[in-house]
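Here come two complexes built around chain A, the first alongside chain B, the second alongside chain C.
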Partner chain A sequence: MSLNYAELFRALRPEASLVLGALVALGLDLAVFRRHTLAERLRLALWIGALAVGVAIVHVAYGARGTVFGGVLVFDNLAVLTRLGVLGLALLTLGVTSGARVLRHPAEYVAILLFATTGFTLMAAANQLLLAFLAIELASLSLYILAGYDKSSPASAEAALKYFLFGGMSAAFLLFGFSLIYGLTGSIELPEIAKQLGVAGLNPLVIVALVMILVAFGFKAAAAPFHLWAPDAYQGAPVPSAALIASASKLAGFALFARLLWHGLGPVSGSVATFQGAPGWLPVAAVVALASMLLGNLGALAQSNLRRLLAYSAIAHAGVLLLGVIVAGPRGLGSGVGPLFYYAATYGIATVGAFGVIAVLERADPSGCQNITDLAGLYRRSPLLAGCLAVFILSLAGIPPLAGFFGKFLVFAAALKIGGVAGVAGWLAFIAIGLSGVALYYYLIVLKQALVAKGDASAPPIATPLLPALVLLVCAALLVALGLAPSVVIRLL
Partner chain B sequence: MKPFPFADYLVFAIFAVAVGLTVGGALIAALSTRIIRGVSGLMISCVGLAGLYYFLNSPFLALMEILIYVGAVCVTIVFGVMLSEPDEPAGEEKRRHARLWSGGALAVSALVFAGVAWLSLHGPWTAPAKLVSDGSVRAVGLSLLTTYSLPFELISAVLLVAILGALVIARSGRTKE
Partner chain C sequence: MNALPCTIYISFAGALLALVAGARSAATARVVALIAALTAVAVTVPAAMGFVPGPGLQTLVNHPWIPQLGIRYHLAADGISLTLVVLTGLAAVAGILFSWNIEERAGEFFAYYLALIGGVYGVFLSADAFTLFVFYEIAIVPKYFLIANWGSTRREYGAMKLALYSFVGSAVMLAGLLWAFAAGGGKSFGLAELAQAATHFSRFEQIGMFALVFTGFAVLAGMFPFHTWAPTGHVAAPTAASMLLAGVVMKLGAYGCLRVAMPLFPVGLAYWQPYIAGLAIIGIIYAGLVALVQQDFKFVIGYSSVSHMGFVILGLAAANPPAVAGAVLQMFSHGVIAGLLFAVVGRMVYERTHTRQLADLRAMPLHRLMPFAALTFVLAGMASMGMPGFSGFPAELTILIGAWKTQPGWAALGGVGVLVAAAFTLRVIQVSFFGATDKVERVDPNALEPVEVNRLHHDHFDPITWPERVGAMLLIGTSVYIGLKPDALLDWITPALQSPLMQAALRGGTP
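Right, the complex of A and B next:
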């Protein structure tokens, strides 16, 4: 194995700029801005963070391609696009942070957010079990801290604790599964694992390892029946943290999941083309996807809290994303992963936007955005917020011509191509289409409150600061533009 | 050279001691209601684990287990216990059918353990053709700075985040409203 450290450093310049940005934000805050107000310190840290993410985006766009450092990292189209996607979502989250309630220790908040982004970018390119695990843990650890950041709220502590306990347990499952894979194949490099498993085939120990890995990813992605932490975490965490948990971490996680399952464990995938398909992880993933779609959509019907509703809808979306993973691979992770990436990226943009609206509402009135009914009269108090929220919610619901519709369309079309209506994947697509109707119902309840309900006539108008307003408009514009021209993204993969 | 008499039995006895320490310590840690006893159980369990690592040809890992877990982690927990509030009395068990639930959980975990153990003993493990590394400090150091330099660096980032998070979350200021 040839080791070229200069090549490794060139490939990791985005991560280096993110870490450097985090350290500069911490150092400047400590040395110069100690005596300023929290809002000023937050603004400075946010600009440093945005600069770091911007530099990282440039480095990714003009950075390394191919495998690096003996195959530890791989920069194919999926990796590069996912890195760009998570960096873009992190940038939007920084914008959401500027519109949210200011918390104590703002520079540390931005620094940890940048570290989480470092984890996401590494997850997108990891091609080795050890690096993949460390990248996941760097991202997860940062997210636990971000979830518990609001020290004035017991709900935030509860969110962090639940997220941490479930996340820690899933890390143990993941590590156990990885160790079994290593013991059976003698390698931690994904291509070598695939080669060994192709020879050995499925045996009981491989099944145990697959179950462990699927359980762990189920926890991380909040797929049913491993979703129990999600509603509390989404409800209690500070709004920007919840936005990051729901958007960039989903995109990076599912990209890594698809790569690990198809590139590493592809030979034991089994089949979902028919109902009597070969055993493997595909049928299990199909069951988890079905459970997530059912539980997420039906659970969301009962919610009166806006953030819990978003959490249950996230569980449902995780089910569709799993369907995207199922359809990604059979022809190799080339163009097949297009629907998954497009769905995850556009879902991330819509969620960041929705949480951005919640952030501005919460800043205007700290207790004012708990329940869906609190949105009543929003169209009068702030037409901008109501309009943007309508775009985000309609995109989540999958209404054309917004991007959410084409995400669903691409995933379902790909699923129907596998074995048609005779296959498990095709039936999953039909069930998902049916459940989209259920989803439309609870999304429209939110919109009805925001756009139609009269609300308190004496409620004052809500002023949106410039930067968050810009972020919301960018999110909405992206959803419309990507919906009108989905091929721009699809062609890149 | 004539081997020491009963050498095999001696090795087995040491192995049994290591296993006993690991399991016994873990039981103490899990079952005691006082936190300081739990920490002591954790320490004993870690010493036993170090012995198991030694049997797995990893003297370096065994050393690190003692140095880091027994020497640093557990001592830090003891400091944490000393500096925080004294033991609270064990609360009343609120959940009904607690015994039933714990019995069920025990049965399920025993079944899973038995299943995985049986599979592990009969699994088609790949045996490496030669010893990959001798597990010495030199071999570990070389691989950490060459093959695994990237994960090694990444761990430092993880630790930095952990320190930052501990400072931010645990430092004074979490108020009850």
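Right, the complex of A and C next:
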């Protein structure tokens, strides 16, 4: 195994440019712009951040392929696409930040956002337990800070604390699981682990390790029954932070999850092709997926707070994403990662968009946009916001021709291919299809307020600044375009 | 012929243009909408003129869409699709004429309206189950907003109920289609390919898949006991939306049953046939009886729609050439007649008298105050009853003849339904338009939504406008034309039943 540091640096140019961008944003803010207004400092930091992300995107697109640095990092199609995806979502989140309420220390905010993105891009390419853990922790610690960034708001502090406590606990679980795997197989490289597990098979210690890892990922993904932090974090965190937690973090997490489980722990996957399948992590993941779909969709029905509703809908989507992980096995066992990636990416776009609308509303209205009824009369106050929100929500609801529908469809079709109606996966797909009717109800409740309810006739129109308006339109256009031509994405995987 | 897919694109483009035009003024929006609908009709006319009836779908567009799953954007037409495309065009134009008085948020209204129309055109032209499903779903969401925004009685409830029923129905249908897709090896969603794969399915699979797909579509066709969305939805909807709902949207469901469920799963059809026919007959008679006792004018029409759609389902269940041809003819006929009935009730009467309570209407000498409305309604009512000379007659007659061939009892019970239809139609004509007497009495003191009406002193109402007259004459003329010359459509429909796909369905269905 040769360790070529020049090769490693070339492969990590995107990460380098992100970190460099963060440092430049911090340094310039400290050295030159201390006396400017917060809004100006934010704008400068955002442009630097956007530039850094843009450079990173170019580096990823024309960067390394294959395994790098002795197999620590792998740049296959999934890794490259996920890196592009999280960078794109981070760019959109920066745009959302430009339309949100300005917080104190804007340059630090952008810098931490870039650090989180660095974590995401590393998660996408990690092919080794240690690097995977470090990447997850880099991303998570940044996200805890982002969640608690609004120091004047007790809700933000609560969000950060809950997120941190749950996340810290899950990190401990994850590390414990990883160390067991290392102890059992003597390796932290995913291919080597797979080889060893293929020989050793399932034994009690492996089961303990699998449980630990699944619990940890359940926490990270906000899958039931490990979802309790999500509603509070979504509700209390500053809007752009919530957008990042809900979008790029999900995409990177599920990509890593699929890689780790299939490439590393594939030999002990078990089976969901029938109801008497072999034991392994697949049946457990199926149970968690089912619990998430049920709890998320039913919980969302009871919400009157828009952000909590989005959080419960995120829990429900996490269930379908887990189904996407279940079907992401290699040919023969599943349909590959195409459906999972497409679903996670388009879900991320729709969520960033929805939070973008909330951000603009919150800035326009000092009391904030919390309840669903705060949307009343939006069609009159801002047709742009109402129209974009309709696209995002309908995409989340899975209405064609928007991308959300095709994501669901791809996952369900793949699930039914595994064992037809005789299999657990097929029934999960049926249940998810049934629950989409429940989901449509609460999504329509949101749209009813935005597009039907008259609201306060004296409420003034809402002006959307140019940049966030552009970001929202880009999100909406992406959802339509990816929906009309889904094969553009899936044929790459 | 190859221009037919343009109807879809014109409608969607028209929706966007109407939205933009609505920002200027309501008048611009409705002119844009009318132009869009007329352009779509103008595209249809040469296609219909040059149409050579024949078995099988004539492909219009066939592009790979999601090649990984063998999904193609495949549009095709045969006599059945063409019949319904013509109906859609008619209903679209008439609906716009009858919503000429929409002033509030007119741009959005016509945008939703045309988006719905575009989805409907798409469904009728799809030859790929996935493409069909996508258009079917596109048609659901606009309905919700049309009703919730511009509707009347309990509009938010009616809109949500309708949206959820349609969506859950489509979800059930999607489950069935995905099951068939996976069982067939996951190669294609094309109707022909799926039908080919389905010949290898086990009896259990055929029965299960048929149940899911047929039920999913039948919800939208208003089959008993999944019909309850229809009366509430129709009543809550604004006039143009009721016209579309009854006129074309319910046909989407029946069309799906005919185009997807029956040819794909003939074994399933043979198994479920008697149950479907039973539910259809219950629907015909039950909805007719319910219509007989309604106090709200629009509810009468809403339930009558369910009753008439029962004939369509009965025709499909009978599954022989005359019955199915009759069912398609009935889809067309009911689309025209129901549109007309809702136009009279919702636009001509309700928007002038501001009441739909039969008790209140009875007190007004409407036949004197709005002779045109009265005449239209009498003609529409006669057509609805199945009087010879109107399109309802050949349609229902053909269905009953076909049903007789399969099971004489079905035809007899269906005949009872015709009598019930005559009863509730005559009652409502009498009470609403010719009910004025010297004595004023309220039939039902607890009627829904008591409305303040200054009774007896209605010397005049706003005159019936030109758009209304043109729309009404268009629909009456169509009904009479088809009533006198049903072959104009049957010559399209009957050859289409000779295609291998349809033959499989009809063979499987004949006991």
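Please note the rule applied: the second predicted complex is superposed on the first by the 487 of 493 C-alpha atoms of A that agree within 3 Å, B and C clash if a C-alpha of one lies under 4 Å from a C-alpha of the other, contacts with A are read in each partner's own complex, and residues count from 1 in each chain.
Everything below uses one rule, namely that a contact is a pair of C-beta atoms (placed from the backbone, for glycine too) under 8 Å apart; a residue touches a chain by one contact, two chains touch by 3 or more.
Note that the structure is a prediction, hence the values are computed from the model and not measured.
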{"item": "Touched partner set for A:413, first chain B, second chain C, both or neither", "value": "second"}
{"item": "First (chain B), second (chain C), both or neither touched by A:287", "value": "neither"}
{"item": "Residues of chain A touched, compared between chain B and chain C (which is higher)", "value": "B"}
{"item": "Partner chain in contact with A:399 - chain B first, chain C second, else both or neither", "value": "second"}
{"item": "Chain B-touching residues of chain A, taken from the complex the two chains share", "value": "1, 3, 5, 8, 12, 19, 26, 69-70, 72-73, 104-105, 108-109, 111-112, 115, 118, 122, 130-131, 134-135, 137-138, 141-142, 144-145, 148-149, 151-154, 157, 160, 183-186, 196, 200, 203-205, 208"}
{"item": "Complex interface listing, chain A residues touching chain C", "value": "338, 379, 394, 399-401, 405-406, 409-410, 412-413, 416-417, 420-421, 426, 429-430, 433-434, 436-437, 440-441, 444, 447-448, 451-452, 486-487, 490-491"}
{"item": "Complex contact set, residues of chain B against chain A", "value": "116, 119-120, 123-126, 128, 146-151, 154-155, 157-158, 160-162, 164-165, 167-169, 173-177"}
{"item": "In the complex, chain C residues that touch chain A", "value": "64-69, 105, 108, 133-134, 137-138, 140-141, 144-145, 148-149, 156, 160, 163-164, 167-168, 171-172, 174-175, 178-179, 181-183, 186, 208"}
